[in-house]
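Next come two complexes built around subunit A: one with subunit B, the other with subunit C.
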Partner chain A sequence: MRIHFKTSYQHDIRLFPDRWTLCVYGALLALAFALPYLIGEFYLGEVTNVLIWAIAGLGLMLLTGQTGQASLGHAAFLAIGCYANTILIEQGVPFIIAFPLAGVITGFVGLLIAIPVLRLHGIYLAIATIALSVLADDIIVLTEHWSGGVSGKFPEMITIFGFEIERWSMPSRFYYLVLVVTIICTLFYRNLLRSPLGRAFAAVRDSEVSATAMGVHIARTKGKAFGLSCMITGWAGALMGYYAGTFNNETFSLVISITLLMMIVIGGLGSIHGAFFGAVVVAFLPQALSILKDNVVGSGVAIPGLETGVFGLILIMFILFEPMGIYGRWLKIRTWFELFPFARKDMFRRQKSYLKTERLR
Partner chain B sequence: MSLLEINNATLKFGGVVAVNDLSFSVEEGEVYAIVGPNGAGKSTAFNLISRFYEPFAGTFTFDGNNLLERDADQVADLGIARTFQNIELFEHATVLQNLLVGRHRHRKTTLLEEMFFTPRVRREEERHREAVEEVIDFLDLQPYRNKMIAGLPYGVRKVVELGRALASKPRLLLLDEPASGLSVEETQDMRWWIDDIRKQMGITVLMVEHDMGLVSGVSDRVLALADGAKLAEGTPAEVQANPAVIEAYLGAGAV
Partner chain C sequence: MEVLQLLVSGLANGCVYGLIALGFVLIYKATEAVNFAQGDFMMIGAFVSLGLTNAEHMNLPFWIAAPLTISIMAVFGYLLDLFVLRHLFGQNQTAVVILTIAMGFVLRFIAGIIWGHEPQTLESPLALGDLHIGGVVLGMADVAIIVVTFLLTWFLYQFFQRTKLGLAMQAASQNQMAAYFMGIPVKRVQGLIWGLSGATAAVAGILFASKGAIDPNAGLLGIKAFAAAVIGGFGSLPGALAGGLIVGVIEPFAARYLAAGYSQIAPYALLLAVLIFRPHGLFSQVRVKKV
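Take a look at the complex of A and B:
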């Protein structure tokens, strides 16, 4: 059992609480950087896919896990990020400017949409954001002149100061690009969590009344959350475009939105780890299923709806038996070992919450 | 001039008059208690001061500022902090994080600085933490610092909520039933704390409370409400002896 002996406030403020955690994450980072030398190109591509999903997951996690606002429209923001990046590059803007700018543009669009949409709560908010997903498809078709419409677009090769990056011919370079973006997004997320804005997000999520009484402007805070969430999602979208190699109006469909939301619920709402765990499940499950199916019933047989069925089943199982997701399960296992043999069975049982103030307004 | 002045406040919910032409003022440095039977409009008066409700009529002045010109989230910036009758804490956060939200009105950093966690943000965080630690020391919350609210007993939550209000370093503290649901010992603690908040920290306290022992122990002046209107005002002893108050609580002919 480890005991954190704190001697300074910095212990609580800095990124890693102790040397052990620093070592663990340092080792993980070293492994991530050494990965192209350890595994083949196919699996490197799969890991890249996981990281891209994880970035998108971080984006949605900031909004849903941290601020408590569900969104089923994040595929629309993936699309905005992807199209903004591609169109900017086609206009001759270098990647190193176009890519960050694509995220910022997505963030601003998100902020504009947030102003009316975030007046809604719960299920109504979910429905309104579904509309966004559906609208995005139509808008892409209607603005064929810029977006390429149904026939779609092909992102150009990435060049950073003459250094070329392409997903198919040089997967390890593309992997490093995605890895760097992932690290930057994770750092942004982590920094927000340990500063006043991150706490304001949690305050809005848990009690809007008392957040207001403490001086938190609800609409402005939600707007910031939506904007930041969309910015990160936009970056993920741009990378997804490169990863897919081609995209059109159907690439970023409602199914992607639902998958994203499912992913963070399975991973564990409200934690950075959750976004990554969920991404692993979402990215690897289709592959694992098809390998499993080939071995069990033979590769010639097609089972329609297998993937969605299994996804749905997993989601239901998690909501019923492990609402805290994979990360929650991991925390429980870790605590059991840390406290061994003193862990109690109901340590994580949620207490019935006390009566809440009747909703004002 | 009084710190908080309320004149002719009226609020109706449909046909129900929740607060009826209510006027009172709270002086700097005093503990002012509002008592009254259920539904008398005590909490409604609090929600009017917090700007959660829009009054039909009346003026609300805090330290020369017209409260009606402020939004609910701007009230905290003036130096008014409050607790809630049914405890409104941030359940899925630690005690420390809850108290740090209390520091929200003192934040100086911008979104960009926070994203990059610049040295200034780090310094500010330390400053906030220091202020919060003072509150933790004051309320003996050391054992709970890193505990999640969701797992804490009721009595501790009550104290954490008081702590969150104190962390914002207010000039006026609104306590909505600080002793409801507390044991005799916890109520006793609450009494010393309210005394110290006034004497050591120089914070003016306005509270709604049913426990007459606590009210007469700490408050300088008491206002009795019934059906949204003022029934009596004065020292605790005066109000308790007032025939109208006894009638409102116990019914006519009880004495």
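Take a look at the complex of A and C:
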């Protein structure tokens, strides 16, 4: 068992609490960089998909897991990031500028939308963002002049200082690009959590009343959370566009928004690991289901809605029996081993809580 | 005359939105949670009534099938609360939001397996004939929808304001712990409200199925009902009906007078506008907590 004896604030906010953790993550990083030499192109593509979903998950995690605001409209921001990136590149902006700028634009749009909506209580935000997600589809069709409308768009080949990257012909280069973006986003997220702003996010999530009492400006903090969340989501959207190879108004639908939210819940709300675990589930579940279906009812039989139905069922099970998600389960198992034989059953029991209304009439 | 015709057909549609919105509001009023699967409840209610009434299924007379559907859905709602939602008692609203969205997916999947994905129509006695009033054509189903919706809203409003159980439900949502101290069985009251909202969804489902074809994705109508509930100010029953009517009336007018492509945006644009300018709806009940 490891004991962290903290003697200063610097100790408390270190990126890695001890050498062992550093070694584990170092090894993981080395493995990630060696991956193209270890597995075939098909699986590399799948891993790339997982990483892209994980970036999108990190974006939503910042808002939902960290600040406690559920958004059902993040597909709209994926779309904004994707279209902004593609249109900028079509206008002749080099990728190395267009890509970060796409995220910033998405974040800015998110902030603009957030200002009126974030004054509202939790569920209102969820409903407003649903409306946003539905509207995004129609707006893309209406702005056909820029967005290509129903016929869609094809992202051009990425060139970074003359170095070409394409998803199909050179999957390992595309994988490295996505990996680098993932690492940057993860470090950004991790550092944000150590900053005063990250602490303010957690305060807003845990209790708005006490956060106000501590001097946190609720609306401003939520706005920042929304903006930063949208920024990361925008980058994920741009990468998703490259990964799909083509996209139109129906690519980023309400179902994607909901899948994203469910993904981070299954992974474990409020943790970076959760976004990655959830992404693995989302990316591999369709494959696993189709293999299972072929073995049970025979191939060629289509069951519409099977994926979303099973996904919903898994989600219900998680919310009822493991609200902390896969990461929470892993944490419990690890704690059990670390404390052996002193782990007790009720260590992770939820505190009993009671709701009060926001309405006064 | 054209305006009048648009208005009337909008009212009938709006009543369906209003009925679903009533279900949202009922649950929100009593449990502080939002049931994102309310539209799918309506879809299930419609399919249950279809299964009981139509000749190729159970072939029961409509007037027996309708009350039966309502009671089945009420029991369904109560059991759902008993076995699923009660685990989340007192937890954050976000958890319930995500849970009900997932439930919607599962319900749609189950309905698809049992009844298939082809649109089907209910053999309803309400669907017979049209009513001509001075040049305005009105389907009998539309008249039934409007009458039933107004009666149901009035009944539920009286229920919440006048009866002991209704007051207990309001108390249980306003402060769960205080309600416990007053001797209200909060969990059972919440179960009852889920049953009541299931029954409301069944009424909406029967009426909706009398009006046109249904398929497992009919529940997505719920998104428009959200707009209705928000415009009315979540938590007010007459507000939900008013919101439903506003959304319902705006739709045909937008389709008639706005360019194609803009018209389907109208309800959502209105929703966002209401959220921006009058965040808690036209019948607001919320004030900011003072620290």
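Going forward, the second predicted complex is superposed on the first by the 347 of 361 C-alpha atoms of A that agree within 3 Å, B and C clash if a C-alpha of one lies under 4 Å from a C-alpha of the other, contacts with A are read in each partner's own complex, and residues count from 1 in each chain.
Throughout what follows, a residue touches a chain if its C-beta (ideal position, glycine included) is under 8 Å from a C-beta of that chain, and two chains touch if they have at least 3 such contacts.
Note that this is a predicted model, so its numbers are computed, not measured.
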With the two complexes superposed on chain A, say which partner A:A203 touches: subunit B (first), subunit C (second), both, or neither. first
A:L261 in the overlay: touching subunit B, subunit C, both, or neither? Say first, second, both or neither. second
Who does A:L142 touch here: subunit B (first), subunit C (second), both, or neither? second
Looking at A:S195 after the superposition, I want to know if it touches subunit B, subunit C, both of them or none. Which is it: first, second, both, neither? first
Kindly classify A:I319 by the partners it touches after superposition: subunit B alone (first), subunit C alone (second), both, or neither? second
Have a look at where A:G270 lands relative to subunit B and subunit C in the superposition and call it first, second, both or neither. first
Of subunit B and subunit C, the partner touching more residues of subunit A is C
Quick check for you: in the superposed arrangement, does A:T212 touch first (subunit B), second (subunit C), both or neither? both
So subunit A touches subunit B in one structure and subunit C in the other; where do those two contact lists coincide? 209, 212-213, 350, 353-357, 360-361
Touching residues (chain side subunit A, partner subunit C) in the complex: 64, 68, 70, 72, 116-117, 119-124, 126-128, 130-132, 134-135, 138-139, 141-142, 208-209, 212-213, 258, 261-262, 265, 303-306, 308-313, 315-316, 319-320, 323, 350, 352-361
Within the complex, subunit B is touched by subunit A residues 9-10, 12-13, 188, 191-192, 194-200, 202-203, 205-207, 209-218, 224, 270, 350-351, 353-357, 360-361
Applying the document's contact rule, which stretches of subunit C touch subunit A when the two form their complex? 28, 32, 34, 84, 87-88, 90-95, 97-99, 101-106, 108-110, 112-113, 117, 173-177, 180, 216, 223, 226-227, 230, 234-235, 261-262, 264-265, 268-269, 271-272, 275-276, 279-280, 285-287, 289, 291
In their shared complex, subunit A is touched by residues of subunit B numbered 47, 50, 52-53, 71-77, 81-82, 84-93, 96-97, 100-105, 107, 109, 111, 114-117, 121-122, 125-126, 128-130, 150-151, 154, 157, 164, 168
